[in-house]
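Think of it as A, B, C, D and E in the order they're written, each chain with its own count starting at 1.
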Amino acid sequence: MAKGIETSANEKAFIIDALTQGVRTDGRKLDEYRDVKISLGSQYGSVDVTMGETRVLCRISSEIVAPYEDRPFEGLFTVSTEISPMASPMFEQGRQSDDELLITRTVEKAVRRSNALDLESLCIIAGAKCWSIRADVHLLNYDGGFIDASCIAVMTALQHYKKQDITVSGEQVLVHDFSERSPVGLSILHVPICVTFAFFNPHGVEQNIKGDAKEIYVVDPNMQEELLKHGILTVTINKNREVCQVSKAGGLPMDALTLMECSHKAFTIAEKLTNDIKKLIEEDDLQRKGSQWKMLSASNDR
Amino acid sequence: MAKVLGYEYGKKEVMRTKYGVVSGLWVCAESQYKKIREKFPSSFDQSGHNEEVLKGTRRMLLSATERSYLYESLHSKHIIRPDGRNIKQFRPIQSHTGFLELSNGSSKITLSDGSECIVSIKAKVVDKAQEQDLVSVDLEIAGHREDSPYTLSLTSTLQSLYAKHIPRESLNLTSKFAYKLYIDILVIATYSHPLTMMSLATYLALQSTFLPKLTSSVDDKEIEEQPTFHDYEFVKLQVTVPVIFTVAVIGENCIIDPSAEEMEVSDNGLIVSWFDGKPISPMGTVRLSETNIKSLNPALIVKSVDLVSSIANSPWNVQIILS
Amino acid sequence: MDGRRWNELRRFQCRINTHPNSADGSSFVEQGNSKVVCIVEGPMEPPSRSQLSATEATLNISLNVTPFSSIDRKRRNKNERRIQEIITSLKRTFEQSIITDKYPRTTISITCHVLTLDGGLISAVTNSITLALIDAGIAMYDYISSVSAGFYDNTPLLDLNQLEENDLSYLTIGIVGKSEKLALLILENKIPLDKLEGVLAIAVAGGHRIRDMMDKEVRRHGELRLSKLANK
Amino acid sequence: MSIIIPGDSVQVANSVALGPGVVCTRNRSVIPVTAGILEENSKSIHVESNGRRYVPSTNDYVIGTVTGSFGDAFRVSLSDFTFPVSLSAMAFPNASKKNRPNLKVGSLVYARVSSAIPEIDVEIECLDPTTGKDGGFGLLEGGYVFDVSLAYARTLLFNPNYPLLNQLVKKCQFEIAIGLNGKIWIKTDDLKHTLAAANAIKQCQLVPSSECSNVINSAFKSLSQ
Amino acid sequence: MEDSDNADDEDGSMQNRAIVTPGELVTDDPVWMKGHGTYYLENRTYSSVAGTVSRVNRLLSVIPIRGRYQPETGDHIVGRITEVGQKRWKVDIGAKQDAVLMLGSVNLPGGVLRRKNEADELQMRNFLKEGDLLNAEVQSLFQDGSASLHTRSLKYGKLRDGVFLKVPSSLVVRSKYHSHELPGGVSVILGVNGYVWLRKTSDLQQQQSASHVGKDAAALSTRGNYSVGNASVTITRLEEESSWEIYSDVNDQISQSIRETITRYANCIKILAYCEIGITLERVTACYEASMAYDEAGKLIDREVMESIGDDVITAEKYRG
């Protein structure tokens, strides 16, 4: 599949054999999500996510622009995903492969189409001025789970980000510097989390379609598993039990009941991750507040 | 292989005459030019530019013996076309109209060789003062990029044909507003030169186009508002529509509606647009085959136009083609 | 919303072998007011060597949503990401359902033209491809039938039209034969997890009904051919 | 033993063999071209460094994946994103025109680099050229293959004092093939043992050799439970 | 239309005429061997195409209703060269993949049994080049289903003096002979793959005494010993055929009336194809006769005319029994 990577038949057979025995090569259980390490940058809206060897960086930026003509009451939000050979030589420069397209589209659908960010809150003067929020996702190293990591990175960054406060007087907009007024966070409606499942078919296709053998699925496949998978499913869900996006772009057919099972598993994972992220942001907030108080009190002293 | 047999490729080169018959029109002596001009005064305002046209059609591979058999049959005084047609005869055409609910007019025609084309007409109310053309043609040919020279050159031929010859008056609504027609042509498959097929399908679609009936006053010079329309009553569009004919020239013979194999062995090709009983622009030479282009005897242009005229000017005949 | 009951399909009509002279396989599908023409060519010698796979057939899909397909005429960019994504999804779906290793070193080229679009783009296109592939005599494990289902006011709704698609959350599935196996599943807006099962269930049932209607058409056409071949 | 980087000077005796990482310039002085640890003895000199990309050189033992067959040679990939090398169908013990080895796409082979001239395709062979016997080379069946760093592969293969393999054999019986292209193939009787052994080997490259036994114990601990 | 009696007699007994569609269970009886158009799981055999079930001995297969030509060893086919390669030609035969014609599988000028040498390899385009039509036999099939052809017989080789047309391969019934002489000085090769060649019946075929064969110089060398008695005809023909002339690109003189006949036959074959009537020598002849009701061959392309002639052919056949 991926150009340049040759997986030997021995390896394929071994991994599938291991999966049928419920063992994964990296020692995880079949339904075990990798540990997600999230580190927040010193600036608002800069997040670094690590899952196994996969590493993703997200940075949020904002500016004031004119809204779209047909949507005068909404601000703008764009997600751009940058997949370069830096992540792995299998991604070619300047040419988007089908896989890259699906990664980009899925992240965009998960975050943007599901209205995770309240666009109406970005409106400043209807039809004239609004905030444009931009999330730049850079994939630094590839070991599977790009969609999941990107989604976590964007959602954490959005929650972390704070933009300058503004004052509107008539047609005039006054942007206050961070030192002048404390910055304001974005209004996040919900936190969608993507969970990717890889499917393996240890038997022939005939068995899958006509027989009653079930396909094996693993949560959060690493690169090796992604290369060998027969099908892939990404479920995006938030902790309000809302499924925001499901994409299973062909590949191995899977049972409808399996889908339900996967969705419920995804929910458990999403709930835990959402709470983790929340905690992390709160801690960071506290820390920043602490240092701010110090600064403020320092200025008061003067 | 290429190394050893490289010299073979040289043979394939296209022979071109000094005057470059290939592009555009009218490489002919002054006297002939006058003669044609006298006969068909209206047809000289623009020359065709169809050099790229054939490049896109599926290349037909013929063996040398097939080629010479066909050429001899078509070249002889007593012409025998491969399917026995006479020089004025079209291949059977099947057509349907009005099957697209979301369009104001639509048509589909299928030729017996499997070529097929669908045309949709959509109308939009526009401010006359702001629109240069009230007709816009858009072309999509399966298997070709929309910005390929092939598609573009066909689009410009049809655009110039319809923009010029569909009378603006027939699209008038009020003193300020008019309908603008969007003609979208989708070619699903084509095996011979697609212009005739496309223009016939457009003809049919326009003849079966219904537009919403105007309810507001025709005179709106002083009024700011947009015109209003009847909710469900429609009026049939009344327009006269030009048609393009393709003629292949082989030796002294001119034949209408050449099939793929006839195109492949033809010496030259002509497109002749016909409107209101006379030839009009665009009119010009087209490459019907990649390999076999000869210079064109101007007398044959006259002959071709006569051929088209004998077909197009008998209403009975047009009926037959389109039925 | 258009007077149907919640589990009712829109008018579904299909024809196969619509272009016998220009393609190996062809079909025409009408799902409600959406109309799709599909043309299949192949398996055939690949146009370029680079596309060749020594073990299985290569699939090429192109999807043309015509500018006149929607109420407002609009020209679509072929490279639009959404279209590309659909193409990729379809390709991966049919790569699994065609027995591709029966046709090594060949190309199967599929072209879909959407003539009118009133919701259910993916499902109408998927169904048309299934039929055209069958018409071309290409070996497949089973039918892939596709339908969309949405969710409104606590009730699942089957087979949405454009208006409903604009306002409701919905999913599109591609289902394998009469089984409950999903070959394709695309959901783009929010559906509560606890309602998902219900929506999925009516979609699967709807998919099976569409399969039956497609099967009927294939058999009808087959009988017709056979009656003619009796003259052989 | 000292750390050396390009730009440093090297003093060499008159007749030594130059290994990787050092070259002889036109004016007959020897200079280092990679950063690493300088290893020298009376006969040879080379720079030991941990490169990430494998560059084949003659007599290296390698593990490759067959990616295709062309005429009477197989195309073999030694590492991802590099040019494939060729393995002649004749380069097997007892091979003849009629007796062609049966290698499918995806098969693993253990082989020796027989010619590595930069300008032309690298060739590998599956036989010991001195004896014509298989010499341990050939098709690797079953088992598991994984990547390690190049230096670690060299250590495993060439350093008899490295304790890992000796300690590992106490835990389970295994067959192993070590490729200098950073690939290791291992096979035991049981899938879980294979995996445990593979993980132990992988993890040991990150720890000092004294820790090896602890790593092995922890890797096999879950099995005994 | 329906001549059910006939159909039953021919194959109704051994073939189940019901249609199966992809994914349908054909049988769960383990005795059947699984042929084309099926796939299986354990004992169950499923159909992978829409078609009819065929049971021949123990072999169970599903024959698709439509589909590309599937070559079988021994098929007499007509093909067109698409590519000249290393010691081989690629030939379009309307199948899934181009067939291969090895340089070693053709007769070359200068004796049937002579060895191929490097000079031959270099001048392959002088024998057959892109676009050339030939008729050949399927010699063998490769593992992937593509065909290898040969023209090592007098009846095979390059095609001249006529026109080419395509019909669906399913309408051409495999039989012993696919090359026929038709009334009116015209011959036809009905390739099993649905490629058809209509040509002027060659003088050689008519076994006439030596006459005006071709006028190209290459043929002259053999001209001398040509007009011998019947007994030696075969030998002389061997030499004749293996001379350069068999690869000539020049047609014979073809008269106006023969050309007209060829055109009419071509339209007749198209009528049979349009009406989906199996194409046989008898039917082509019958159709030709029926077509004589129309004086212009060009009339035969109208749909109504085609249908009415098709009906005529079928009813006439039924009438004769």
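Basically, contacts are C-beta pairs under 8 Å (C-beta built on N, C-alpha and C of every residue); 3 or more make two chains touch, one makes a residue touch a chain.
All values derive from a computational prediction rather than experimental measurement.
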By that same contact rule, can you tell me which chains touch subunit C and subunit E alike? A, B
Ranking chains by how close their C-alpha centroid sits to the total C-alpha centroid puts first chain C
Which of the two pairs, A-C or A-E, is linked by more C-beta contacts? A-C
Most distant chain from subunit C, judged by the mean position of its C-alpha atoms: D
Separation of subunit D from subunit E, taking each centre as the mean of its C-alpha atoms, in whole Å: 59
Once you find the CA centre of subunit C and the CA centre of subunit D, what distance in Å lies between them? 51
Dist(centroid_CA(subunit B), centroid_CA(subunit C)) in Å evaluates to 34
Where does subunit C touch two or more other chains at once, residue-wise? 99, 141-142, 176-177
Quick check: what residues of subunit A touch more than one other chain, meaning two or more? 206, 209-210
For subunit B, residue numbers touching 2 or more other chains are 112
Sort out for me which residues of subunit A touch subunit D in the complex. 4-14, 17-18, 21, 23, 25, 27, 89-90
Seen from subunit B, its contact residues with subunit E in the complex are 1, 4-5, 8, 61-66, 68-70, 72-73, 76, 78, 80-86, 89, 91-92, 112
What part of subunit B is in contact with subunit C in the complex they form? 100-103, 112-116, 118, 120, 122, 124, 138, 140, 142-143, 146, 182, 184, 186, 188-189, 191
Going by the contact rule at the top, pick out the subunit D residues touching subunit A in the complex. 65, 67, 77, 80-81, 104-108, 140-145, 185, 191-192, 194-195, 198-199
In the complex formed with subunit A, which residues of subunit C make contact? 81-82, 84-85, 88-97, 99, 141-142, 171, 174, 176-177, 179-194, 196-197, 200-201, 204
